[in-house]
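Letters A, B and C mark the chains as written, and numbering starts fresh at 1 in each.
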Amino acid sequence: MKDTSTNMRLKLPVACFILEIILIILFGVFVEYDRDTSAKLHKSDRNDYDNDFYYRYPSFQDVHVMIFIGFGFLMTFLQRYGFSSVGFNFLVAAFSLQWATLMQGFLHGLHDGKIAIGVESMINADFCTGSVLISFGAVLGKTSPLQLLIMAIFEVTLFSVNEYILLGLLGTRDAGGSMTIHTFGAYFGLMVTRILYRPNLNKSKHKNSSVYHSDMFAMIGTIYLWMFWPSFNSAITEHGDPQHRTAMNTYYSLAACTMSTYAMSALVAHDGKLDMVHIQNAALAGGVAAGTAGEMMLTPFGSMIVGFLAGIISVLGFKYLSPILEEKLKIQDTCGVHNLHGMPGILGAIVGAVTAVAIPKEVYGNGLEKVFPDVASGERDTSYQAGMQAVSLAVTLSFAIIGGVIVPGEEHHHQELTAVRTEESDKLND
Amino acid sequence: MKDTSTNMRLKLPVACFILEIILIILFGVFVEYDRDTSAKLHKSDRNDYDNDFYYRYPSFQDVHVMIFIGFGFLMTFLQRYGFSSVGFNFLVAAFSLQWATLMQGFLHGLHDGKIAIGVESMINADFCTGSVLISFGAVLGKTSPLQLLIMAIFEVTLFSVNEYILLGLLGTRDAGGSMTIHTFGAYFGLMVTRILYRPNLNKSKHKNSSVYHSDMFAMIGTIYLWMFWPSFNSAITEHGDPQHRTAMNTYYSLAACTMSTYAMSALVAHDGKLDMVHIQNAALAGGVAAGTAGEMMLTPFGSMIVGFLAGIISVLGFKYLSPILEEKLKIQDTCGVHNLHGMPGILGAIVGAVTAVAIPKEVYGNGLEKVFPDVASGERDTSYQAGMQAVSLAVTLSFAIIGGVIVPGEEHHHQELTAVRTEESDKLND
Amino acid sequence: MKDTSTNMRLKLPVACFILEIILIILFGVFVEYDRDTSAKLHKSDRNDYDNDFYYRYPSFQDVHVMIFIGFGFLMTFLQRYGFSSVGFNFLVAAFSLQWATLMQGFLHGLHDGKIAIGVESMINADFCTGSVLISFGAVLGKTSPLQLLIMAIFEVTLFSVNEYILLGLLGTRDAGGSMTIHTFGAYFGLMVTRILYRPNLNKSKHKNSSVYHSDMFAMIGTIYLWMFWPSFNSAITEHGDPQHRTAMNTYYSLAACTMSTYAMSALVAHDGKLDMVHIQNAALAGGVAAGTAGEMMLTPFGSMIVGFLAGIISVLGFKYLSPILEEKLKIQDTCGVHNLHGMPGILGAIVGAVTAVAIPKEVYGNGLEKVFPDVASGERDTSYQAGMQAVSLAVTLSFAIIGGVIVPGEEHHHQELTAVRTEESDKLND
């Protein structure tokens, strides 16, 4: 007995120390400042304000708030796992930021053996961390902090490979991450929660029900995500009008989505009462669904249609699909990420493919190059672009599902440990 | 009985669906991207950073947080109506954003039959939504979500007409909305709550008293509003020094206001204890009162005097005027919007008129054009400008008061329905 | 008896009114808009966007949130002094902003007898206020609001003198304030709490233990501070790459610090359970420790080492040093500011000195001038710069410790009053 708890006591510290020391060494060997971060690398007559920092940092901070407060804290707080979830999320997120910087850097190509980083790579690392936290929303309550760390190591790696295939090889556009972040994170998490299926979890299901204060907290989280989603989708679009347009498309998509969410929530209830879980989640589906096409000439009109549909799909998912997934497929989706990130992510991918081909390239004027560089250069036409967008969805789903099946399999040997540590982690709530 | 509840169950969804479909159609017909949002509409040699997005978006996000978290969530949470208020506010705010985009667009003039939108129109839509939420602060606890939606349809329309008369026809300056947002929203709401007067509401008055956790939440709301008010007032001023100046004037006005609020709150109490309601509200009055003159050469000195007075007026209002309004005039001002938005808004309008004439136009140097374009062009002198500012206050009060009397009258036929739905909405708290 | 309470009732209002009126008069005499805030002071062909506002205001807002929500509200909420602490912090912070504007302005030199203010002076005033709130974290629970106001008057003055000696006379670099803000604020507060030592405070120590909801609130505070610390450290660095670099160095320092904090917290616990107080505080030490060297060529690699060490030191401080300070030295450090601001601040100062000499000046290329202007001009070499950095730490510690001993001594005559008022202030919690 004493042996096990000594084990407990040492395993997490040792893992954190070793991982961080490895990260520090890798950063020492491979990472350097990019052009905008080091005066040495740019010409002396350069204007101080011609620096990506000034055009991306405010969006970075909004994204940072969404990832750490929104996904990491408030969306999971709802579930009453309280501090154990918050505390572990924070740890794993801090790890993922660093690991993602390396993985994304390696895959996007070294320059003279170095990864050059700046505000854009910080945003990308935050995005990857967001995807990991989405997956955690599916497995919440089943994993120890150590398992979460191991899961994050693999998920960040797979995320980066998938992202590289989409953006680097297929020339896909997905600035707001409908595919790379939301679809990937959701289906990866759903597969892991399927593998870690624990029948007895049903018995403690009352823990999933929310209480008043939790609900108010969660609602703050929802509104924060809702407010900053325009920044999220536009954070790494090209400068100028695409960034402006993406923010606006997302804004109107979310507004329309909120209307349809309330309507559907009242409609599917047998007594007309609104369900807070719907509002806390489905009202955000419009942001997810505008993730791919947001930078395109979707127009506010198109964005509102997309948001309107996303809200409907998401509420229907909570009401009818989630129970089926749990009962028939044994997928216990703790936070309902399939309804907020999974299906709306797929919708977003489809909207992106359709928009790519449906809007004539002339509509972009001289801005075409920034949205579809391969079309502007004449390398491909819009229908080919649309095809690649569709292929990318399939690739993402494959990576997420296969990855989500394999990764926890690797950890299966530690099963007993898991059970003990989970109990342990619950103690933090006392 | 069953009939009524079926009615309930369908009325909100149907209203939401129909309204949203109408909005989508109108957006499809009338709305297009503005110059900064579509590369097609500007020359190819344009710098990407010469885009309003980069100079307004950070302020937009601050305003967005104030409207949705500050006004929409935390100021009303205080009242213990809890989720029903939060949930309905969120719905109506999402609707108002879209409706305001259209109304403000129509009134500010179509170009080739189109409304061109961008980050500035998004800020203006948020401002209009803020005004609606201020009115809700007065009627909180008396209305069903459906009534709130109907009220929002009318209020957004009247707001836009009033704003157009002030800014478009009279050449009034009111960047931070002392008149257009705060005075209008407060007196409109006060009139509606007068019309909807329910004597029995007094009996459940204990619901208005705050509890510890609510108070801490509300205090967060206060501090958020306090912090971002400089962004609010400067969000749509002209670029450059007026924007810089407005933020600074507001900052010092709020600091001085906080000092006088604490002083007055301790002074008017019979035991020297500070009253949290005063601090949560009156400490913000300095932001409201700097809304009109903030962009003018008010100087930090002048701003501090204005804030100092605003705090005093606001605390006196809570202590002595609100009870009179309720007892003599039957105006039940649930959140005390008259003290935070009404009187400080009028003070702000007066300060604006006085500042316009008191500061010689030479003080503005070559910046005069951005603050008083009509004075710079020689079309009017400063005293004429001051006169227009004063006339604008009268116009705003007339619109608010007459509008607030007429609108709920239209809804009076639904009185019985109201009673039922309000009860219903309270159930959400269980 | 009645006499005393009348005294109570009048003392705070009178103090607030008199202080604010003095502030207003001083602002009227000495303060004017700076070049970027008044079009009159710059040439007419100047670009509107060549305005500090656009390059500092987003950071200012992040700093503002950290000071008022993070330090002022959430870090102290933890201690269950609840509203009395929050309310008084807010008051004193609003006062300090204004007083700091004057003190810093006087010391940095008047131009034609005037203090010119703009967004940078607002950030500096916020920084000074942050230092005051850090000190409050040490004395929390022992002081009346009036005492806090008096303490703020002296602390702001000493802060400004120390800052002027460091930045103005010694040519020290300390953009993120490891020395000027954190070390100064912490040791000043620790000295004051030593002087105000109350043996009976131990008995009510249970008040210091946190409860569930307080912990969740405090954790929000922690994450907010953690997210915005990159903005804090980079807010007043030179434009361009130094600002970009500082934000990034801080980001990675915090990520590494979080990893070592979790590891150490689990390691020092006898049962392997994480201690929330460690996580709420020590995870932020990486931001403090990157305050001086953040703008230098510390590299992400170096930043991560610094953050890693800061987390370890901070947890060890909470676990082993704080109890010793309380028992042996009678320093009751209510919020543990020695562990979050004191030791990590000293670490940051040392890292700054070492980095200044360890990184060859050639590494900065043509950016040297912005980081070490005296080295770039040939006035001093890097080892002299490093020496000045080290001297600055000694100066700061002397000012903080001597100031912290003298200031409350001045107030000792009011001791009896203190006891009464503190009781009074506790009533606010009921």
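Convention: a residue touches a chain if its C-beta (ideal position, glycine included) is under 8 Å from a C-beta of that chain, and two chains touch if they have at least 3 such contacts.
Source: prediction; values computed, not measured.
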| item | value |
| --- | --- |
| Overall pattern in which the protein chains touch one another (line/ring/star/complete/other) | complete |
| Copy-to-copy rotation for chain A and chain C - C-alpha atoms, rounded to a multiple of 5° | 120 |
| Between chain B and chain A, distance of the C-alpha-averaged centres to the nearest whole Å | 34 |
| Shared-contact residues (touching 2 or more other chains) in chain A | 49, 54, 58, 213 |
| Touch list for chain B against partner chain C, complex | 49, 54-55, 58-59, 62, 212-213, 215-216, 219-220, 223-224, 226-228, 231, 238-245, 247-248, 251-252, 254-256, 258-260, 262-264, 266-267, 269, 271-274, 276, 279, 283, 297, 299-301, 304-305, 308, 363-368, 370 |
| Sites on chain B touched by chain A in the complex | 5, 8-10, 12-14, 16-17, 19-20, 23-24, 27-28, 31-33, 36-42, 44, 48-49, 51-54, 57-58, 61, 64-65, 68-69, 72-73, 77, 82-83, 86-87, 90-91, 94-95, 97-98, 117-119, 122, 213, 217, 424, 427-429 |
